[in-house]
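Each in structure tokens, the structures are laid out below.
In the two complexes below, chain A is the common chain; its partner is chain B in one and chain C in the other.
Moving on to the complex of A and B:
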């Protein structure tokens, strides 16, 4: 934990240095807003399933919040460290590199809360009809679900990054992963709007628990039992992903041959 | 003009040869390009599962718009993005001298000589999507429609080039401009869908201020014979005006370039 905090502080200082860039990155997450515009044009003629215009607005704003709080982009750094060999220095430290990358992935989050918190408050005041349940208990559950989602996404990206031990194009795998994630998680389209059979399939996959689940929770579309069950499933996925990750890590490390190592 | 084309041909040939060294990358980028239509068709599928049209466009017609989006992303990543990376690096490090000293037009050398041929696969996939869309509608464009389409693509390309050039030129003053590119990408994302789905204000912005509609929606409409000639001329006018302005801006800004040591 102390090691994590030290790493976190180092990464956090970097974020403060590049705060303008973080704001620009936040502003350029526009895909959900474009999807929102498309659905609003469809919903003009009447509600789509259980979604009317206000539900869509609430959904995609919630998706923006969840994406900002759980999205991470450390695989680019990981890729260059593995190819150029600076991973060797990381391996010399008495600390699992996993901790460093996790700290790096989390480091911009406090800054994002600092911006999103007030922004959400304003949104709630301006649009009181926004369908977000913001009582303390629900917010607590929401934050808990964000943590689960963040860790699942981290382990997924870290495992994909580790494939760099075998191939030089782990970033392409990440691109392909993003295609899948954006569709299967509910980031672009609420899962309820898929045909029932597809929807049932997507409920089995881990992706739902990284986006759609926290969003539905915030929008008060889940009963308490469903919420607790969802959080449980999140942690089952965390455990499964962690085991897979350790397996890949141990196998890959044996193959590691960076430039000059 | 001819001389510059020859120079460009030499640069592109060199890029082609060096990139052919990495054939595996080519294959993997091709498979990635194939994933994209799959993704897009499922995404569109969800909309059309609930509604017969999207902003007045049918499923097959919307495939044309997405094909065009793909074509422009591909062209942009092939011959624009690598140059932006390169020229901002030159400006940051003060090595633009070596480019400007060469006996050819500095703007040509600095802004269109680098290319990343991997991403041409996106262009192919884009044309494939357009073909598939037309085939499924069962519509054969007339010769006039194909000609206007063939004019609007280069016009759109010049428009994108000019916007990029203006953003890049800002690097002479602000040095770090990569992030401005991100903002443009954000606007560009709106081109995935027909511009008619957006509300009135956004539509005006996307037509007249950041002319994304001229890149994807309008060429698709012209191919289907749904576009008034006004917009075809508009697309040429916009390309011309932006190209002239951005080139003037570049030539003006270059006077402020202070190389590394001077």
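Moving on to the complex of A and C:
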């Protein structure tokens, strides 16, 4: 834990160093807003399924919050460290590199909370009809679900990054992953709007639990039983992803040949 | 002194794929990749005792860095046994990692956009260094390397020499007992090179650390290492005293003389091989064991103003080892 905190502190200092950049990054998460604009024009003629205009607004603003709180971009750093051989230094330290990258992935979150918290409060005050359930219990469950989402996403991304042991360019896999994630997690289209068969399938896959689940939770669309079940499924996925990750890690290390003369 | 590093019959082969240049080369490589085995290190064995400083000599691509990487646990050996501080390197047990360090002069472990002191704090936690030990180590390193003025500057704004000092400090904060140094003085100016050398000698003296280093600057090796390994094409071709190596490769010494009267080659040729001669100055190459006798004769037969006896430059000797394959088995 002390190691994690030290790494976190250093990464946090980097974030402070680059605070303007982080704000710009936050502003570039516009995909939900584009989708929102599209659905709003569709919903003008009447609700789509159970989604009217206000539901769409609530949904995509929640998606924006969830993406900011769970999105991570450390795979670019990982890719360059693996290709340029500086991963070697991490392997020489008595600390699993996983901790470093996890600290790196988490480090911008306090900064994002600092900006998104007040922004959400303002949004709630300006649009009291926003369909968000913000009672303390629901908020607590929401934060818990965000933690699960963050860890699942981290393990997915870290495992993809580790494929760099074999193909030196893991970013191409990451592009394919992002496409799948955008569609299957509910980031682009609410899962409720998919045909029931597809929707049922997506409820089994891990992607829902990284985006749609916390969003549904915040929007009060889930009964308490469903919430607890969802959190349970999240942690089953965390365990499965962790096991897969360790397997890939051990295999990959054997293959790793530090680059450079 | 106990054996700190022991390597027996170490080999490391790589598979690399070949690509012909140009578009069609790429296309060909896409469909049918040709692989080639590179024998980076082949059947290398040696032992290093606690507190020794050993220089690793060899041309680019000879296998020096590969060996250091295997020793520090970064590369898995193709075959052979490697033991460092009683551990198998590749297991990379935390207890092992806390005892070693690897410094690569061409790579950077410090966090680029933050002051070096931030990297030190991370290392302090990672190596679980107690507060007291950390302060001691910081004080020692700050004194020896004169870090004071650079600690709080962002790493990217440091000069190469300043950065190298910080790299060394970051690598030694946990007081490792085995140091693997790959070109620790590369790109540094002469003063800074000397500084790093003095520091390494002092660190070795204070902590009894074992050091294995590679360098292209012969002055590093001469100043630091009594013992050297020479590696060529992945094979260890020499392991022993630097002095003995010099004697073996170059059985002559140079006598440089300055005379009061003009001299010519004809006056000198019976003393030894005349390397150069110009009016009052001359250089002779004389077999090592005869140098003092020849010097005495010169004094008797010529009016000598000044005389010096020198070893050939180690640089020159080592160069000859590789160009003339003097040690190839």
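Just so we're on the same page, the second predicted complex is superposed on the first by the 259 of 261 C-alpha atoms of A that agree within 3 Å, B and C clash if a C-alpha of one lies under 4 Å from a C-alpha of the other, contacts with A are read in each partner's own complex, and residues count from 1 in each chain.
In the analysis below, a residue touches a chain if its C-beta (ideal position, glycine included) is under 8 Å from a C-beta of that chain, and two chains touch if they have at least 3 such contacts.
These numbers come from a predicted model, not from an experiment.
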| item | value |
| --- | --- |
| Partner chain(s) touched by A:176 [first = chain B, second = chain C, both, neither] | first |
| Touching partner for A:41 - first (chain B), second (chain C), both, neither | first |
| Partner chain(s) touched by A:14 [first = chain B, second = chain C, both, neither] | second |
| Chain B versus chain C as contact partner of A:193, first or second or both or neither | first |
| First (chain B), second (chain C), both or neither touched by A:49 | first |
| List of chain C residues in touch with chain A within their complex | 14, 60-61, 65, 69, 72-76, 92, 94, 97-98, 100-102, 104, 106-109, 111, 113-114, 118-119, 121-128 |
| Chain A residues within the chain C interface of the complex | 2-3, 5-7, 9-10, 13-14, 17-18, 85-86, 88-89, 91-95, 254, 256-258, 260-261 |
| Contact footprint of chain A on chain B as seen in their complex | 24-25, 28-29, 32, 35-36, 39, 42-43, 46-47, 49-51, 54-55, 179, 182-183, 185-186, 189-190, 192-193, 196-199, 202 |
| Residue ranges of chain A in contact with chain B within the complex | 20-21, 24-25, 27-28, 30-31, 34, 37-42, 45, 48-49, 169, 172, 175-176, 179, 182-183, 188-189, 193-195 |
